[in-house]
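Some structures are shown below for you to check.
Look at the two complexes coming up: subunit A is in both, with subunit B in one and subunit C in the other.
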Partner chain A sequence: MKISRLAISDEGFVFDPETGNSYTVNETGLFILQKLKEGLSPTAIVEAILEEYEVSPEEAERDVEEFLEGLRRFGLWRESHD
Partner chain B sequence: MKKLYQKPSILKLHVGFMREKKSAARTLIRSEIDGIPVKTLVEKFGSPLFVFSEKRLRERFRYLKRLFESHYPRVEFSWSYKTNYLDAICRIFHQEGATAEVVSDFEYEKARRLGIPGEKIVFNGPYKPLEILERAVSEGARINADSLDEVLDLENLARKMGRRLKIGLRVNMDTGIYPRWDRFGFNLENGEVMQVARRIAAGGLLEVVGLHCHQGTFILEPGAYGQAAEKLVRLAGELENRFGWQIEYLDLGGGFPSRNRLKGIYLPPEVAVPSLAEYIEAIGRAMLSGLPPGNYPLLIMETGRALVDEAGFLLTTVRATKRLPDGRRAYILDAGVNLLFTAFWYHLKVEMEREIPGPPEPCVLYGPLCMNIDVVEESALLPPLPRNTHLILSPVGAYNVTQWMQFITYRPRVILITEDGRAEVIREAENLEDIVRKERVPEHLR
Partner chain C sequence: MIKVAVSGINAVDNPGPGIGIIKGLREGSLSVSVVGLAYDAMEPGVYLEQLIERAYLMPYPSEGEAPFLNRLLYIREKEDLEAIIPALDAELPLFIDLQERLSAYGIKTFLPSKEQFRLRAKDRLPAVAETIGIKIPATLVVTSYEEFSRALSQLKFPVMVKGLFYKALKAHTPAEAEQYFHSILAEWGFPVILQEVVAGEEMNVVGVGDGEGGHFGLVTIKKLWITSLGKIWTGVTVTHQRLLSAAEEFVRAFRWRGAFELETIVKDEEIYLIEINPRFPAWIYFAVGVGVNLPERLLKAALGEEPERESHYEAGKLYIRFTDDFVTDIQIFQHMVTRGER
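Right, the complex of A and B next:
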């Protein structure tokens, strides 16, 4: 799966060896990517965020959805495979 | 203790678009206006909200007046009503000593209603309806004639009133700038002014006592004012010699720029916009060197934008967030081009009410209208904004609260922060009743 092939640094630098594209993610973005790599579902990721960060469930859910949409657009993630 | 939350973001890196995570966006924070927190203002008065600073208005006026007076002995500021004709704003400038510059029946009536006597009103504009022209003449307003037809109207009024009337002439000329506004008044270079002057002198009903020149708007060339002043001074001398008139005032109109960023100009306004001192110096030098000693006509300035633009802010709120198909982030604000006419030609400054964590990324700011043209800013660089974040747009003090439209939605409140730090409503928000009051439904449709 694509996510598992991404090279992700601790500072949030992301390299896609398949396309040669690179990306930066912020701390929360990195958190989500790591959880995806670990195989967590979007719902589980929202829960993990709520445990870790000071944020409302509604905002976290919406933001995760939007972030995943971003990944999808960059061709880094597809829901059916993860 | 849970960690501080940042909205997750992923940005694709492009060569040439590498930037530090800590960007200049950090500096674009405006948490308060004249001591009142933005958050408090929105909670109390709603969003969107226009906010004017009395302190800034007065300081700006006094600064400009002092500057002028150090370069020319007799200067009068005439407040350009069209730039912002809210009562409270006009009153502030009138208290500071400004007369009124109006261009229509509505503006004339508004100035009179504010207690400004006719002789303290400069009446410009290409169309002055006969009724209001007669009132203005009888109340002693300074009328600057724009066309030959208007001169004829004035002659008729002189006949009717049985006395010679003093008038001013609007003159357009080449001052080396582009675009040249040549639609107002009579052209200097092709001899039109002189021809009209001869016609006026021959009629014997009018006497020219003033010359007016409005070169344009947001003029970035101080030298143009020097040229305009020089040419008006020369013209005044010629008219005095040939026709025996005494030119009492020279009016250089408006057109001074504010610190706003015009679209199409790459440099920031701090670099691209010359300081007002340069304009005033150019005017002062041309006047003093062209006039005979002891004969100093009154210099009238109709400065509008440069006085009011930077004293006005628009507080707005992020109501929705979306991603455009091309990947850019977009925000929907509760204020759009219905309130911000000037967003069509300026890149307004966008500031956040508080620091928001996250990497800045290019985004589009849309207004609330269901129209494709409703874009407040095509490309702002902002961190990921949570819903309900307040943004501060500026400078918006000039032309917006006069050219705003009642379109699709209501127009919001306007408040003034007084010199002693109180927030006062100077225009209430519109409601349905305000908008439908003028409508009439024919019987068969009831």
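Right, the complex of A and C next:
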């Protein structure tokens, strides 16, 4: 649920209005965050990355996995809830 | 034109709340003329003539009630004072005791009761936190050296060593804790409070209780940068619903009257109460700047008017403190030293 409250700018600046924390993300991170906010599952996000960028499925999967791990570490995402 | 006196105009590295309060009053809808109450001729507010029309030196509260009241009555006579917003912990007990007499002289205040003021004692915080549905870090209150030694073995380091009302020092080792225990004991006496450190987000709520269980606005902020004295230098507004609810419960349960600040640590889903301040914090202008002019609302309440109650503000507004300087004549200092006023 935390993802839905985040304010995400097109430049990749992310602000959490509840904790006051801010983050910056790169283009891929921004893409993943926006898709999560739209309610896409991690698997669907990997597919969306494959459609959008010229990367291998393994690379896309690894990127999504790593990014989600980062979100988990910051307490911003839990698979069961988001 | 409403003549209002404000104290805490010591805008130094550990700033008093006065200047922020005054900026709020000046930006509000009421037309005000401000009298600054200072305890030292060097307090910067004394020299800020664009914010403070007149300034007076006050006797220290420790000199007792009579000189304090006499001085206030002298100022009232000279200035036609209608209200006072006291902003410093040390003077609040006197103002609370004097509020009825001041009111009889036509000087209005809007202060907590004596009993409410006592809630800020660190040994009362566990009960307050429980009442408003939040936690406090593991805490032991000690009243002897033996209890202190026993307490150390029951707490995880680092621990905060605190006086009942003031001072908090972070100890990383038993030796450090013992050193701080003795220094706080020498300065403040027993009880000494030992408290585990909770790592999390430092969030504070400021508000004004109406004395009947409601409030005239609440604003929640997070400190982003603090000075070596622990004072906010940069902050950001947040909308933490559970913290706002806890603050609402605080004013409801204790029927809090007047300004207050709750200092908390938020860790994951838990909120820990660290301190209650029975007055505005020094960063009170932050609330004004995001559209919740608490100083003016408090002044209206003191004058018997009905203040606004909404507290809509945006999350993500930044508070920036900065240093500034200016040059002025020595006459102001001279007047303060020779006449006690300017």
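Here is the rule we use: the second predicted complex is superposed on the first by the 82 of 82 C-alpha atoms of A that agree within 3 Å, B and C clash if a C-alpha of one lies under 4 Å from a C-alpha of the other, contacts with A are read in each partner's own complex, and residues count from 1 in each chain.
By our rule, contacts are C-beta pairs under 8 Å (C-beta built on N, C-alpha and C of every residue); 3 or more make two chains touch, one makes a residue touch a chain.
Owing to the predicted nature of the structure, the values given are computational and were not obtained by experimental measurement.
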Q. Is this a clash or a fit when subunit B and subunit C both end up on subunit A?
A. fit
Q: Specify the partner with more touching residues on subunit A, choosing between subunit B and subunit C.
A: B
Q | Partner chain in contact with A:Glu69 - subunit B first, subunit C second, else both or neither | A | first
Q. Regarding the shared-chain residue A:Glu47, is it in contact with subunit B (first), subunit C (second), both, or neither?
A. neither
Q) Is A:Glu59 in contact with subunit B, with subunit C, with both, or with neither (first, second, both, neither)? A) first
Q. What is the contact status of A:Gly29 with respect to subunit B (first) and subunit C (second): first, second, both, or neither?
A. first
(Q) Which partner chains sit in contact with A:Val14 here, subunit B, subunit C, both or neither? Use first/second/both/neither. (A) first
Q. Taking C-alpha centres, what angle do subunit B and subunit C open up at subunit A, rounded to the nearest 10 degrees?
A. 90
Q: If you've got the overlay open, could you tell me the nearest Cα approach between subunit B and subunit C in whole angstrom?
A: 7
Q: Take the contacts of subunit A with subunit B and those with subunit C, and give the residues found in both.
A: 21
Q) Across the complex, what residues on subunit C touch subunit A? A) 201, 203, 221-222, 224, 236-241, 266, 268, 315-316
(Q) Which stretch or stretches of subunit B touch subunit A in the complex? (A) 2-13, 21, 321, 323, 327, 357-359, 386-387
**Q.** Touching residues on subunit A, where the partner in the complex is subunit C
**A.** 7, 15, 17-21, 75
Q. Touching subunit B in the complex: which residues of subunit A?
A. 14, 21-29, 31-32, 49, 51-55, 59-60, 63-64, 66-67, 69-71, 73-74
